[in-house]
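What follows is a pair of complexes built around chain A, which joins chain B in one and chain C in the other.
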Partner chain A sequence: MLETPTKTNVEVNRESSRLKRMLNFLNSKKVVPYVFILPFVISFLLLTFIPAVQAFVMSFQKVLPGQTTFIGWQNYERILNPTFYKALSNTTIYVILTVLILVIVPIILSVFLDSKLVRFKTFFRASLFIPSLASIIVAGTIFRMVFGESEVAVANQVVTFFGFEPVDWRYNSWSAMLLMVLLCSWRWMGVNVLYFLAALQNVPKELYEAADIDGANVIQKFLYVTLPHLKPIVIFVSTISIINGFRMFEESYVFWETNSPGNIGLTVVGYMYQQGIQQNDMGFGAAVGVVLILIIFVISFVQLLLTGAFKRGDE
Partner chain B sequence: MKKILLLGMVIFLLGLLAACGGGEESSGGSADETLEAGSDIEDATELTFWTFAGTHAEFFNDAAERWNEENPDRAIKLISETYPFDQMHNNLLLALQSGEGAPDLVDIEIAKFPNFLQGDIQLESLNDQLDPIIDNFVTERLDMYSKEDQYYGAPTHLGATVVYYNMDIMDEAGVDIDSIDTWDDYVEAGKQVLESTGKPMSVIPTNWYGFWPYISQKGSGFFDDNGELTLANEDNIETLKFIDEMVNEHEIAVVPPGADFHTEEFYGFMNDGGAASMTVPMYYMKDFTEYMPDLNGKIQIRPMPVWSDSDIRSVAMGGTGTAVTSQSADVELAKEFLSFTKLSEEGNIQLWKQLGFDPPRWDVWDDPEVRADNEFYEYFHDDIFDILLDIRDDISGVNMTEYTPDVLEELGANVLHGVIREDNREPEDALKETAETLKGQMQ
Partner chain C sequence: MKSKKQTALKWTINLSFVFISFIALFPILSLLVSSFRPASDLMRNGISLTFSLSELTVENYTYIFTQASEYWQWYGNSLIISSLTIVLSLFFSSMVGYSLAVYDFKGNNFIFLLVLFIIMVPFEILMLPLFQLFIDLRLMDTYLAVMLPLIVAPIAVFFFRQYALGLPKELMDAARIDGTTEYGIFFKIMMPLMLPSFAAMAILQGLASWNNFLWPLLVLRSNDMFTLPIGLASLLTPYGNNYDILISGSVMTIIPIIILFIFFQRYFISGLSVGGVKG
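Right after this comes the complex of A and B.
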């Protein structure tokens, strides 16, 4: 140990400098961001990207145990059938309704909640937000009971109180859509209200003062001062709602599992699940998934182009 | 331009995430309930059994204990796991597809069974067990779980479809149920019931239970012997018209609350004397005794009325086949145990005694043990098996193909809902359109 002290020192020095260089390298402005995103990138590649590529390949196959064969475009040719159109039209109507409701209503609610005139704000805010914490399965079960067929179910009691006939909620296409949209809106209303409330805090007070001086009334102030400042959040919320709407599965599943009468509750993801997993046709299910990706991609792209999200603020 | 590309990428990735996110509610998960038999025996071979019915798990558990008493040198440790219906079939499908994680023994429901008879079949043939005893079975039942002369499933019951009559209502209406021979008689009796009691004669669910038994009884089906789709053939259209008329013209039949025979709403409805009769396989006895206590002693079982152009008195319907998977570590033992549990004489007697199922082996139907008094005889009447023996040769099976699950799916989703419940589609159009849709799927 005492034989070559100098050597050890040199080694130690060398090692520590190597460590330092290593740390410096990891700490450098160019590298550090990549280190931080590495965990996400790895999990994304392993759990999302590779399976997605495999699903893409699978969409050209007939997948059976021990007999997986390439069948070209056959799965895609079969997609163009009435059931898929039904699923797609259900999903599209659902998306349109949820986007409208989940953008317009939260804006109005958040303006009220931000106003000085409303009392018990915290209570309202909390009660709007709490539904988003509920498990959808639990919420769906309650909804199914509320909208049961029997005359004593809550919804039917309300309906009959107003002098209407009791409704078979889960068996008409209009009420089926109503149930799904209602469940979704009930759950996400509070979250969207939060987004808009946050955005409202950023509207400069001076603008309102200036508007007051110019003699603007409440509605004019809302239209010309508040709304333009909410635009980025509107774009964000509507994009997320569109994407979530197209990938909707649970809201339908909790009411009918995958077999709704007349396919009134069938969604594209529900169709993918039904065909791919339940009917053992994974290649076809994968093809439906690929088509869904394309649809979401195109619609989101067009939407962001139209709303000008690609433009810089100063252009 | 760069920005557009970048944002495009972001959306694309979001889309990927979206498309991969669906269905998460239903995958994986642990069993609802696990039973173990023989865990205290040393050197016992471990076998796993998956089912979706808790009563089946108890049945297998009991069988394992009996097996261990009789075969101490080949003892087994049986682990029976009960999962929700959909989850169990999905997990099994993925396990067999990927070649890993399947149990030794598994219950597969009839409407799902064909899904597992595709590709290189991952189930073991039971022919070596069945060959010596096959003459004792109503073979129509075994055929449902077969492909190319190989039998893959051990039946749980015969599932002979019968009519359960509520005698309180029939007596009130003054109808003698033994005078109902044909379906036309049934409709006439129904009109009488409706007139004098205001109650519907029958219930027609909007899933395949409202259609399949009736066409099978006519000797028709969804496919012919060559596997060609015959959904929209003359017999089927005529039958659907007949059912449609019962519900929407004569109004002697209604869609059950909950649209199915296995819902809380329907149990309550029937228990309160909501309908005068229902057509359903024998296995429904257990539902009566469990969920409709008020009907104790009031129900009479009779074979289905016949169609005027056919002699078939009953149809074997529904039912679960238990299979041995190729992934089993000891296929021979699993097969022998399965045979002991469900194919042997003793096993069939137990099917009746423990589960109230009509055993698929007719040679036990007059066995003293089967005839011994139990809750089912008490609830219903004594001559249940005499009725079965009487119609034994006139029971028809159903023709299963790999596309049968698709047909059943479409029937429930499109045909019966529109024709029976909504009454906005003609039977002929509905069947023809659905047949076209299915042909597109069958490429």
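Right after this comes the complex of A and C.
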């Protein structure tokens, strides 16, 4: 049972020594790292590289089940339409607002949270952070009910308390944008506060003492000591916020699925989803995607250039 | 005079923070309270600041525990997918990150730059070709389809690499002299040392998977394969009359996460601060 009857001892020995050599090979320091990174290489090729190339190729094609035809620049020509402009302008406004809010407010909050003035820091930090644990659907469900059309929904109760008319939050252009920006800011505020709090730990305390001796006031200390030290993290947070802003889809989906009145909630990715998946026009959807990534790359590049992120840190 | 001014300032700032925390927590607290109000009223009027205590009821919860088997199906799907994603992605990502940190090999820098680059590439760009690919592979409507794009997570690879850079390399040499294989060194010696990074990444990946929306929305077709976010979103239709499941279901989706957060705050914070991850 244990020995294979057809094999002689010599053969078994030879096989086991081959196995040993094989194992030694797999265990050599030259090979091991490649075995370890293999999953990454496979998943990169299959799930990132090939799809990326395909997305580019698809954008020049009309993709129908079973037959795909090359149609040149036609998809790109079709992109220049009012719906896409609407999606792009919505997304751009959203990016600008979320970046401003999600950089400026967390800096202010974290500076106070870092100071000696505030007590119960852990509690405040945790409560700002908790919203990021909510899935976008749960968050959206709550926001829909808080910003309900009814006069007795929370937001309208507050608005009427201050003497304004109740608002149909999901049906005006301005309030639609407000809803999406608020939802995003509410969810990510605490995470950004954490980034800035971590960065504030790295500001040398002696600098504040030196500034005190020079008679600097609180605002001067903030402007000339704190802010320059926060610059790398400001660049990091704003880059992420820009990219995530252009990727936005869910914040709109939870309010209107994919059909908002007059496209007030349409985003570029939403348009991609609408055209590529729902209308099954994959080629056109892919072209929208290519335009989107170009926009993201150009803006991130310009932003990094302007903020001097490419400069060596020797000044 | 000055100290009086300072106390006043202190009070203003602390009270502002109380107010800000209240705003941050209000949506979740209001969800919690509203889940004890009649669903029909919530659907018609939304969440209200004013309601009478006498209308509070546990009906939404009795309904979800007795009538809503589909909700529990989604819950099960989400639990299975999230746990598998955590196990698989931590296994693979830690291997890659560790290898990048401790071995000098040809292509090391290139792979690392690639990891950084992929972190910057929005998934949405790839979603249409991937969608097509998964149709061709007949993987639609499977757990595997939902999990695959998350399994080797570049952000986790990056985190593990940074963590592994700090591991004591002398231990590796000592183990080699003892005849331990390179794999043995990783699994038996280094992995235990990397445990805190595993905790942080388990939370990052678990949350990303638990809350993942766009990709599952594309690949999941049938109601009994839905994950929680997709299932709950399907109740958000204007014609829906399932607000009882929606609201008590939302509470039960988020409360376990908040409880975990309270116990493992440190790991949540280090896990989620690696890089603006969207869930």
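As a working rule, the second predicted complex is superposed on the first by the 272 of 315 C-alpha atoms of A that agree within 3 Å, B and C clash if a C-alpha of one lies under 4 Å from a C-alpha of the other, contacts with A are read in each partner's own complex, and residues count from 1 in each chain.
The rule we apply is simple: a contact is a pair of C-beta atoms (placed from the backbone, for glycine too) under 8 Å apart; a residue touches a chain by one contact, two chains touch by 3 or more.
Because the structure is predicted, anything quoted here is derived from the model rather than measured.
Participant: Have a look at where A:171 lands relative to chain B and chain C in the superposition and call it first, second, both or neither.
Facilitator: A:171 contacts chain B only, not chain C.
Participant: Should A:301 be classified as contacting the first partner (chain B), the second (chain C), both, or neither?
Facilitator: first
Participant: After lining up the shared chain so the two structures overlap, which partner does A:137 touch, if you call chain B first and chain C second: first, second, both or neither?
Facilitator: both
Participant: Going by the contact rule set out at the top, does A:198 touch chain B (first), chain C (second), both, or neither?
Facilitator: Second partner only.
Participant: Let me test your reading of the model: by the given contact rule, A:25 touches which partner, first (chain B), second (chain C), both or neither?
Facilitator: Neither: A:25 stays clear of chain B and chain C.
Participant: Would you sort A:224 into first (chain B), second (chain C), both or neither based on which partner it touches?
Facilitator: neither
Participant: Could you say whether A:73 touches chain B, chain C, both of them, or neither, answering first, second, both or neither?
Facilitator: neither
Participant: Quick check on the superposed pair: does A:241 touch chain B, chain C, both, or neither? Answer first, second, both or neither.
Facilitator: In the superposed model, A:241 contacts chain C only, not chain B.
Participant: Is A:129 touching the first partner chain B, the second partner chain C, both, or neither of them?
Facilitator: A:129: touches chain C, not chain B.
Participant: Between chain B and chain C, which one contacts more residues of chain A in the superposed model?
Facilitator: Looking at chain A, the partner in contact with more of its residues is C.
Participant: So which positions on chain A get touched by both chain B and chain C?
Facilitator: 48, 51-52, 55, 63, 136-137, 148-150, 243-244, 246-247, 249-250, 253, 257, 269, 272-273, 277, 282, 289-290, 292-293, 296, 300
Participant: Using the touch definition from the top, list the residues of chain A that touch chain B in their complex.
Facilitator: Residues in contact with chain B: 48-49, 51-52, 55, 63-67, 74, 77-78, 81-83, 136-137, 148-150, 171, 243-244, 246-247, 249-250, 253, 257-263, 266, 269, 272-274, 277-280, 282, 289-290, 292-293, 296-297, 300-301, 304-305, 309-310.
Participant: Along chain B, where are the residues that touch chain A in the complex?
Facilitator: Of all residues in chain B, those touching chain A are 3-4, 7-8, 11-12, 14-23, 25-26, 86, 89-90, 93-94, 96-97, 99, 115-116, 118-122, 206-207, 257-259, 265, 405-406, 409-410, 412-414, 417-418, 421-422, 433, 437, 440-441, 443.
Participant: Report the residues of chain A in contact with chain C in the complex, numbered from low to high.
Facilitator: On the chain A side, the touching residues are 27, 29-30, 32-34, 36-37, 39-41, 43-44, 47-48, 50-52, 54-55, 58, 63, 109, 112-113, 117-120, 123-124, 126-150, 152-154, 157, 186, 188-191, 194-195, 198, 237, 240-241, 243-244, 246-247, 249-250, 253-254, 257, 269, 272-273, 276-277, 282, 285-286, 289-290, 292-293, 296, 300.
Participant: Which residues of chain C touch chain A once you look at their complex with the stated criterion?
Facilitator: 9-10, 13-14, 17, 20-21, 24-25, 27-28, 30-31, 34, 42, 44-50, 92, 95-96, 98-100, 103, 105, 108, 111, 114-115, 118, 120-133, 148-149, 151-152, 157, 181-183, 186, 207, 210-211, 213-214, 218, 228-229, 232-233, 236-237, 246-247, 250, 253-254, 257-258, 261-262, 265, 268-269, 272-273, 275-276, 278-279
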